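Each of the two complexes below includes subunit A, the first together with subunit B, the second together with subunit C.
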Partner chain A sequence: MASEIGQATIWLSAFSALWAIGMLAIGLRNRNNNAIISGRNGVVATFVLISIAVAGLIYGFLTDDFSMRYVAEGSSYYQPVLYKIAALWGKMSGSLLFWLWLIALFGTIFVWRNRHTKDSLADYALIPISVVMLFFTILVSGLIRGVYNPLSRFPNGGAMPDGAGMNPLLQTPSMAFHPPILYVGFVSLTIPFAFAVGALISGRINNDWIIRSRRWTLFSWLALTVGITLGGNWAYRELGWGGYWAWDPVENASLMPWLLCTAYLHSVMIQEKRNMLKVWNIILMVLAFEFTILGTFITRSGVITSVHAFAEGDIGVYFLSFILLSLFIIIGLIVSRWEKLKSLNWLESFLSKESVFVLNNWLLIALTLIVLWGTLWPIISEAVTGQKIAVPEEFFNKTVIIPGLMLLFLTGVGPIISWRKLTLSNLKRVFTKPIILALILLIPTISYLFLSGNIVVKVRSVYTVLCVFFSVFVLVAIADEFYRGGKLRSKRHEISLLGGFFRLIGRNKRRYGGYIVHVGIVIVYIGIMGSKGYFLLESKSVTNGQSIEIGKYQLTLKRGFEESHPNFELSGAEFDIKRNGKYIKTMQPARGFYFQAGQGEQDTIESAITHFGLNDLYIALGPLPQDASDYVSRGEPVSVQVYHNPLISLVWVGVAIMVVGGGVSMFEKNYKYNVKTDA
Partner chain B sequence: MKKTINTTLRQMHRFGNSLSFVLFYGLSMLPIYADDRIIEDPMIELSESVYCPCGCVRETIRACVCGTAQGITLEFQTRLQSGETIEGIREDYLGKYGTQFNAVMLAQGFNIVAYIVPFFILIAGLGIVSVIIARLKQRVKGPVRATLTKVDLSKFNYQQVEDELERYKRD
Partner chain C sequence: MSRSRIKIFVASGILVSSLILLVFVGVKNTSLRHFRPEQLVAQAQEVHQKGVQIDGFIAEKSTSWDHGNFQLSFVVRDEADTARVNVVSVGKLKPDNFKDGGNVFVEGRYNADENLITASKIQTKCASKYQQAGSALATQEKYQIEAEVTQQN
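After this line comes the complex of A and B, so read on.
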């Protein structure tokens, strides 16, 4: 019954989304308030209908209704409840339904938040939101070849007895949270995009749309940051290759909107402060949204092969058509509003905050284009040469490092350089200290590179030196900003310096939250520099009692072990870890064997990771039989990969700081916009 | 004094532009000289140069911990010990599994386009940004300013300006 109700509500939701578009268009054109309210209700109705469909699907998962095709293919009787729910977004049509539900949810929140505003901008913005909802409703309705309705049953009353089960690799807590958070990031970008399009349709091209979409944009940026990092963390823990980022096409697809969103968050400040870059901000927001759809196209069209991709049917054509059609319409709108989009102010100096932000935007766009280029290169290359190729990680590492380092430098310059024009006093006051301290700290860095012998590796050393110099420059510049501001506040209010800092942040959450994000970025850079540039890898087969050496650590195989869990068994090996000959810890890497109907046995890599300060020791096991204890005691060889990843913890710490900073920035109470009349 | 400061700032602009040129263009050239790590062990060089065909996330034979990679590693070791060259073994491997399992993309042949375009994006982008900044700046200097200010003012809601001035006087 849940299946039938769910399918019906999906069909009905298509009509309600269409209703919303029609009523809003009629209402706004004829200034008919009743029609507008009816349009808003159409959005809410779509949310209610899609919620019923989602609830029906979850009910199917929880009751193991394997006559429902999507439930049977993505879940199993043995699957823990968390992963039964997570199976909702585990495959193509369910993930599209979840995406649709999120748009409908955000659309409803949008309606609720704007229920008292009397201007038309929010209602204009509801039109693109409803169009996106309608598009996704069509995708999940089962009309498109290869994408079945997630609530449909097997034809002719068929069923799969115990379900095929979710891929064991995905049955980890981080995978239960990574996709939905990433989807939240992607989908919530629809709201600022809708504001931009709404502003273009209505002709209200002032700062209203950017002020009113600011929190949504920051929210999307935060969700994308967390989602991308959780994905990296999952890869690090589950895939056994000791890394967190492989420049896989789907990883790239999530990074590109993040880069564009970051660019927008910077350039929008120029519009707010100086009334410049109006058209640029609209383009950036439109691109950020279109890249979320492009990412979905890459994942689902099958045009690029990736481990994450679930390519089926004709869906790619629909995504591509949607992207092209929407871009065509938006370009038309921009052209028609060109006069209103012209800047009202001009740049006074090359050396100013505005110029730095423009440069920052250029670098972020360049990075996006480079990542897109690398992602699409296999298609281009195959079309020209006829040979299938894969673009290795090395290509991306080589090509993004330069703009990445330039961006790091600007991360420090941006906050301290003045608006309009850099004066001599400003230059002396804010730049001298960071530059001197950064130069001083280069001495130990270069000494370390000499002492460790790394200086022979020429280019990597140059990058390291630049990364350290820029990082110290940024940290000192930002610390100085905090110190001067905090000191001033503490004096003025006669409170402690710490109190002064908090008051400083509290008074301007957006600015200082942004600075905290910059600190997080620098820490991530240092983490990437250490873990990508200076990791060690040892691959070896060892028998009981034999050792592997990596850096100053010795790992000795001690014994094999087994462990039973409700839906899988672990079979692993225990290693004694010594540092400089002294025992410090035991580590237990293993392989997981999942037993599920229709799937047979699949073994997963359960890496063992130990943090030593900021560095990780990481062990992954090669293939191992299920009776590991007998196997090891018989003296059979165990294949082991050991990584020493320096500074890798800084990647996670840096992202946590970025999230804190983004959160602080988001809670700025600068929502002073109070709409009373229609423009 | 003001004149001195202006002169200094002008000189700094020039210096800033030259520095930017050297920094951005100079840095852009660095990857061409990127020699990365010097790999002395032929087994490591070989096993890092091809992807494992097991279906993993583009892991090289060296990084992958599956049974397939283990078997291929043994085969590579045997063939290297028998005197075969890295290139020969790689060619056989790519012939067997397909060129998409090549983990090395040298800046040769058509692939050179792949490497050139990112730097073209960077440099062309810098050129476009420089032109935009220069144009935005020129407007301030030139005689156009007066006309533009007029246009500028006409875009403001005069009533709003009046209100704000009034509020400013009151405060």
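After this line comes the complex of A and C, so read on.
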């Protein structure tokens, strides 16, 4: 019954989305408030209907209804409950249904939050939201070749005796949460995009749409930041190759909207302060949204050969058509509103905050284009030359360094440079201290990073020196901003310096939350520099009692072991870890053996990871039989791969700081905008 | 046009040109020709001792692991098994999801004389499949689902 009801509600939601579009268009054109309210109700009705469908699918998972095809392909009897629920977004049609549900949810929240506003901008914005809902409803309806309705049953009325089960690699907490958080980031960008399009349609090209969409944009940015990081963390913990980012097309697909969203968040400050870059900001927001659809296209269409791509069905054509059609319409709207989009001011000086922000935009867009080019080059090269040319990880690693370092430098310059024109007094006042301190602290910082047990090899690249120098510069510049502001407030209000800091942040959450994000970015840069540039790797086969050495660590194989779990068995090897000859810890890397009906036996790498200060020791095992204790005690060889990943903890810590800063910034309340309300 | 505008345009031009050059050089120096196994075998001599990327299927019962040399050896075949390419990887573990008949991507240097890729990177297909594997009927047949079984239950 859940299946049949769910399928029916998906079909009905197509009508409610269409109703919403129609009623809103009619209501706005004829200034008919009843029609507008009916349109808003259409959005809410779509949410209710899709929620019933999602509930039906979850019910199918929790009751192990293997007559439902999607449930049968993604779950099994012994799969833990968390992963039964996570299976909702584990494959194509379920993930699209979840995407649709999120759009409808955010649309409903949007309707509720704007229920008392008398101006029409929000209602204009509801039209593109409803169009996106309609598009995704069509995708999950079962009409498209290659995408079945996720609530559908097997055609012959049968059922699998047990489900195929979720791939063992996905049965980890970080992979359970990575997709939904990333989807929240992608989907919530629909709202600021809708505001931008609504502003174009209505002709209200002032700062209203930016101000009213700001919190949504920050929310998206936060969700994308967390979602991308969870994906990297999962890869690090589960895949056994000691890394967290490989520039795979699917990874790139999530990074590009994040880069554009970051550019947008900076660029809008210029529009708000100086009424400049209006076209720029609309284009950035539209592109950020379109790149979320492009990312979905890359992941699902199979057009790009990658470890994530599976070629089947027509869905790629639909995504591409949506992107092209929507861009065509929006470009038309921009052209029609060109007079209103012209900037009222222009850059007065090459050395100014405005110029730095424009340069920041250019660099973020350049990074996006580099990533896009590298991702699409196989298709482009095949279309042009007939030969598919792949672009490996090395291309991305080498090409992004220089723009990345420039961005790092601007992260410190942007907050402290003056508006309009850099004066000599501004130069002396705010730049002298950070530059001098960065030069003084460069050597001690490098010594700390490269000695003291962190990175155990010498500096081998000028990029490293630049990265450290710029990082110290940024941290000192931002610390100085906090100190000067905090001290002023502490004096003014006769409170402690700490109290002054809190008051400072509280009075301008947006600005100082942004500075906290910049601190986090710097920490991430240092973490990436260490872990990507200076990791150590040792690969060796050892027998019982033998050791493998890496850096200052010595790992000695002591014994084998086995462990039983509800849906898998572990077979592993225990190592005693010594540093400089002194025992510090025991680590237990293993192989996991999963048995699932549809997938047969799978054995996976279950790495052991231990944090030593800012660094990780990471051990992965080669093939091992299930009786590891006997195997090892017989003196058989165990293949071991060990990584020393210096400063990698800074990557996760830096992201956490970014999230804190973004959260602080999101709660800026001191916005005044000219919106008439009933209240 | 004011001096500051000219400076800004010139600087923007330099920046854009530099980035284009960066991408061009990057692609030129790092790119790999991508093949399916049958394509690689057909053009073997053209790419002898050059970097290549192939995607195919792990040939059944072809995988072996040499503990002593930390070496993984296997064969990649095309879908119809009309062409095969040998692969050897030293110093790296077999990735997860690596199984007979499974999809695999290999990057490395190709030796046409031995029809061998010395792999620098091996990847298997992502565990998360964003696609429908064939028709529902095929799924039923694969998992031997019978309507009568359900009815009896």
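Operating definition for what follows: the second predicted complex is superposed on the first by the 644 of 679 C-alpha atoms of A that agree within 3 Å, B and C clash if a C-alpha of one lies under 4 Å from a C-alpha of the other, contacts with A are read in each partner's own complex, and residues count from 1 in each chain.
Quick note on the criterion: contacts are C-beta pairs under 8 Å (C-beta built on N, C-alpha and C of every residue); 3 or more make two chains touch, one makes a residue touch a chain.
Nothing here was measured: the structure is a model prediction, and the numbers come from that model.
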Overlay on subunit A: subunit C relative to subunit B, clash or fit: clash
For A:574 in the superposed arrangement: first (subunit B), second (subunit C), both or neither? neither
In the overlay, answer first, second, both or neither for which of subunit B and subunit C A:123 touches. neither
Between subunit B and subunit C, whom does A:384 touch in the aligned arrangement: first, second, both, or neither? first
Of the two partners subunit B and subunit C, more of subunit A gets touched by chain C
After superposition on the shared chain, which partner residues are touched by A:605: those of subunit B (first), subunit C (second), both, or neither? both
Touching A:239, do we find subunit B (first), subunit C (second), both, or neither? both
Scan A:481 for contacts with subunit B and subunit C and give back first, second, both or neither. neither
Once the shared chain is lined up, is A:208 touching subunit B (first), subunit C (second), both, or neither of them? neither
Looking at A:405, would you say it contacts subunit B, subunit C, both, or neither? Reply first, second, both or neither. first
Subunit A contact set shared between subunit B and subunit C covers 239-241, 305, 307, 346-350, 355, 358-359, 362, 366, 369-370, 373-374, 377-378, 387-395, 398-399, 402-403, 537, 539, 605, 620-623, 639, 641
Residue ranges of subunit C in contact with subunit A within the complex: 4-5, 7-8, 11-12, 15-16, 19, 22-23, 26-27, 29-35, 53, 55, 65, 67-68, 70, 91-97, 99, 103, 105, 107, 121, 123-134, 136-137, 139-140, 142-143, 145-147, 149-150
Which bits of subunit B are touching subunit A when the two form their complex? 5, 8-9, 12-13, 16-17, 23-24, 27-28, 30-31, 33-38, 51, 55-59, 62-67, 69-70, 73, 98-105, 109-111, 114-115, 117-119, 121-122, 125-126, 128-129, 132-133, 136-137, 139-140, 148, 152, 155
Tell me, which parts of subunit A touch subunit C in their complex? 67, 69, 72-73, 90-93, 95, 146-148, 152, 154-161, 164, 167-170, 179, 238-241, 250, 299-300, 302, 305-308, 310-313, 346-350, 355, 358-359, 362, 366, 369-370, 373-374, 377-378, 387-395, 398-399, 402-403, 537, 539-541, 597-598, 600, 602, 604-605, 620-623, 637-639, 641
Residues of subunit A that touch subunit B when the two form their complex: 235, 239-243, 246, 248, 276, 305, 307, 343-351, 355, 358-359, 362, 365-366, 369-370, 373-374, 377-378, 381, 384-385, 387-395, 398-403, 405-406, 422-424, 427, 456-460, 462-463, 537, 539, 605, 620-623, 639, 641
